[in-house]
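Next come two complexes built around subunit A: one with subunit B, the other with subunit C.
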Partner chain A sequence: MTSPAASISSREAGTVARRPGAGVVLGEPDMWAFVLFECLIFASYFIIYMLYRMADPELFLRSQEHLSQDLGVANTLIMLTSSWLMARCVQAAREKKFEIASRQVVLTLTCGVAFVALKVTEWSMKLREGLGFSTNEFFWFYYFLTGIHVLHVLIGFVVLAVVVHQLRSPERRSQEIVETGATYWHMVDFLWVMIFALVYVMR
Partner chain B sequence: MGTNVESRLRAVWLALVVVTLISWWIGSSHGHQEFRSSAPITYAVLLIAAVKMRMIVRHFMEVRHAPDALRRLTDGWIALLVIALLAIYSFKLSMPAV
Partner chain C sequence: MSAAVADHTRARPSGFLGRIAWHWRHDPKIELWICWWVMVSFYQLFGIVFVLMTRVMPPPRPDWDQARIVQWFSDNHTGLLVGFGIIFLVAGMTASSNAIIGYSMRRMSVSRAFAYSYIAIYSLSAIPGMLFAGILLSVGAMRPDRDPRLLAWLYDAGFLTFVGTMGVFLIGTLVWMIAILIDKNRVFPRWFGYLNICNLLTEFVVAPCWIMKTGAFAWNGSIAFWVDTGVFVVYTTAFIVLLRRMVIREDFGDGPLPDPS
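And then the complex of A and B:
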């Protein structure tokens, strides 16, 4: 693990000096250990979902029909955009453009809030239609997967708030913490990509 | 912002948006009909998801600059996950009824 200062100087040249194979991870290696751990957990959720789905594919298809593809796509576009903004934040911070960096995190957070608001709207629509957690196995998985993902987004809000707090004051600025926060947020993004494919789109 | 990095990030984001819209189109081109089981749609959608995850990992999470071990781990995870999901789907493996 490098100190924040060393990490900034090794990355400062950014666009010029960093080449594939340079062997630097984005942020704290500990966060990467956590990301890999989460990958294992979510992979098992996805595989269990698929095993249950294949036990009764017709039920899953008929239930899936009740979900709004449009809301699913909107959620995906919001999540992807938030991830892009966060990547821009990391780059801006690396170039010491802290004002810009901090604006990108606030925009990332805004996308996150929109994501959660959309999810809550979707859940309440489904519940009004009488489609709840215990309706059938598809909806059990739907609420479980989207719910646990939203929980990760909410934790992400705390992470992003720490990043904003770091960027706002010169004494606290640490490139490593900015990058560690970004690593977490991108994980939330790519996990959603798979949930979207499995729950909304596949047939 | 360094224009190179900025335009690369923008290109990645744009590509992600485009492939998302493609999976939307694949998914909704049959939307006026009843939802039917379709292996081509499922294969396309899961492969698109794999490509999207890899783009996020490679470019946004900067794994292309990371040590080889992490590159292999993340690629391996994505590949294994999608192969496992497609195998379960193709061979209709399922939870034994309890």
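And then the complex of A and C:
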């Protein structure tokens, strides 16, 4: 760690030393605070979804049958793979294999693009079948939850781009930034698994 | 400024009025404190007017028929007129909020363009986000005996502009977020930069209120209004506290802000 640690600017090193919670969690503690708050917001969405579902379980079950389980599973596999690649990136960065780490982030990013492409394809299929946002209460939540998740994936692209930018230059390299990016991406993965379970799978 | 800083070291008199007079004459941060207090006062007034006086928050139902809308204007006639009268009188106080947030960005190690963009965007945002709603609903309240179809139009337009135009705030929030995350002067903690993401995403969440009349995504819905308002309250409380902390830490230099002593 000597080389990358030495390469962190003094400002950054000073900040890390002073930041409360640093060393207790992986990456920036600030990112964990964000992740916890985001999970709280999504928990409120899920609770509201469940309340609507409980009010009309028949409608939700009938509507759910219009979703493609295969596409949902494919999206989940892509997301889990991307998370695994990101975990490998963190490990490679720890072992100072920055070339490999950089490649893993690019692969993670590629999985993210594939995820978004598949999601857009799925939306366009549903729209062609006449199942839009205002079709019924189930589709409100289907488009909203998957849409807000895709927005998180798009923000994740920026986060991953920052990680690649950091990894590519010895002057900028910071294990903390890599782990912070990984924390964000794992949150995106975690939220998708919850959405998949609630919207596609739960009967 | 050095004279002002030297003045700052003079002994402060005891007594409430004496302390205020001393701060007014000698405190080099007096302008920042005025901005901060005006911002806090504005948000208090905003809450009192929109929640208690005009009953615009929480918003009434978007699916009411014309008779019920006429009834709503009639029930809230005085509250709407007096409440929005106050808002039109004090709307300029938002300039203090924009000023101190713009100042926070000028204190960062980032381009001045961030502060200028933020101030321009947020100054414009008050028009659709607050003033249009006030004007439309005041016009409705002024003559509750107007044609019910016109009152229904004013009601829809008033609430759609109030709840549904949050997108104009989005870019401003994005500008502040980027400034915080790339700043090297540690003006704000990074968690607050990330919290901006939560706030800007709420601007997307309200978008469906333009097409939904009932349910979670209508303008009074559990997601489009309640969850979003919860996030906004947390976000606003956080930045009010952090701006106060920034003023306390301000040393009028151009390097990293010192930690509070």
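In this text, the second predicted complex is superposed on the first by the 180 of 203 C-alpha atoms of A that agree within 3 Å, B and C clash if a C-alpha of one lies under 4 Å from a C-alpha of the other, contacts with A are read in each partner's own complex, and residues count from 1 in each chain.
Here is the rule we go by: a contact is a pair of C-beta atoms (placed from the backbone, for glycine too) under 8 Å apart; a residue touches a chain by one contact, two chains touch by 3 or more.
Keep in mind the model is a prediction, meaning the values are calculated, not measured.
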Partners on subunit A (subunit B, subunit C) - clash or fit: fit
Touching partner for A:Asp30 - first (subunit B), second (subunit C), both, neither: second
Contacts of A:Tyr52 with subunit B and subunit C, given as first, second, both or neither: both
Comparing the two partners subunit B and subunit C, which touches a greater set of residues in subunit A: B
First (subunit B), second (subunit C), both or neither touched by A:Ile155: second
Which of subunit B and subunit C A:Phe144 touches, first, second, both or neither: second
Subunit B versus subunit C as contact partner of A:Thr76, first or second or both or neither: first
Shortest span in Å between Cα atoms of subunit B and of subunit C, once chain A is used as the common reference: 8
Contacts on subunit A seen with subunit B and repeated with subunit C across the two complexes: 15, 18, 48, 52
Complex contacts: residues of subunit B adjacent to subunit A: 1-2, 4-6, 9-10, 12-13, 16-17, 20-21, 23-24, 26-28, 30-31, 34-38, 41-42, 45-46, 48-49, 52-53, 56-57, 59-68, 70, 73, 77, 80-81, 84-85, 88-89, 92-95, 97
List of subunit A residues in touch with subunit B within their complex: 14-15, 18-26, 32, 36, 39, 43, 46-48, 50-55, 57-58, 61-62, 64-65, 69, 73, 76-77, 80-81, 83-84, 86-88, 90-92, 95, 97, 100, 182-183, 186-187, 189-190, 193-194, 196-198, 200-203
Subunit A - residues contacting subunit C, complex: 11, 15, 18, 28-31, 33-34, 37-38, 41, 44-45, 48, 52, 133-134, 137, 140-141, 144, 147-148, 151-152, 155
Residue ranges of subunit C in contact with subunit A within the complex: 184, 186, 189-191, 193-195, 197-198, 201, 204-205, 208, 211-212, 215-217, 222-223, 227, 230-231, 234, 256, 259
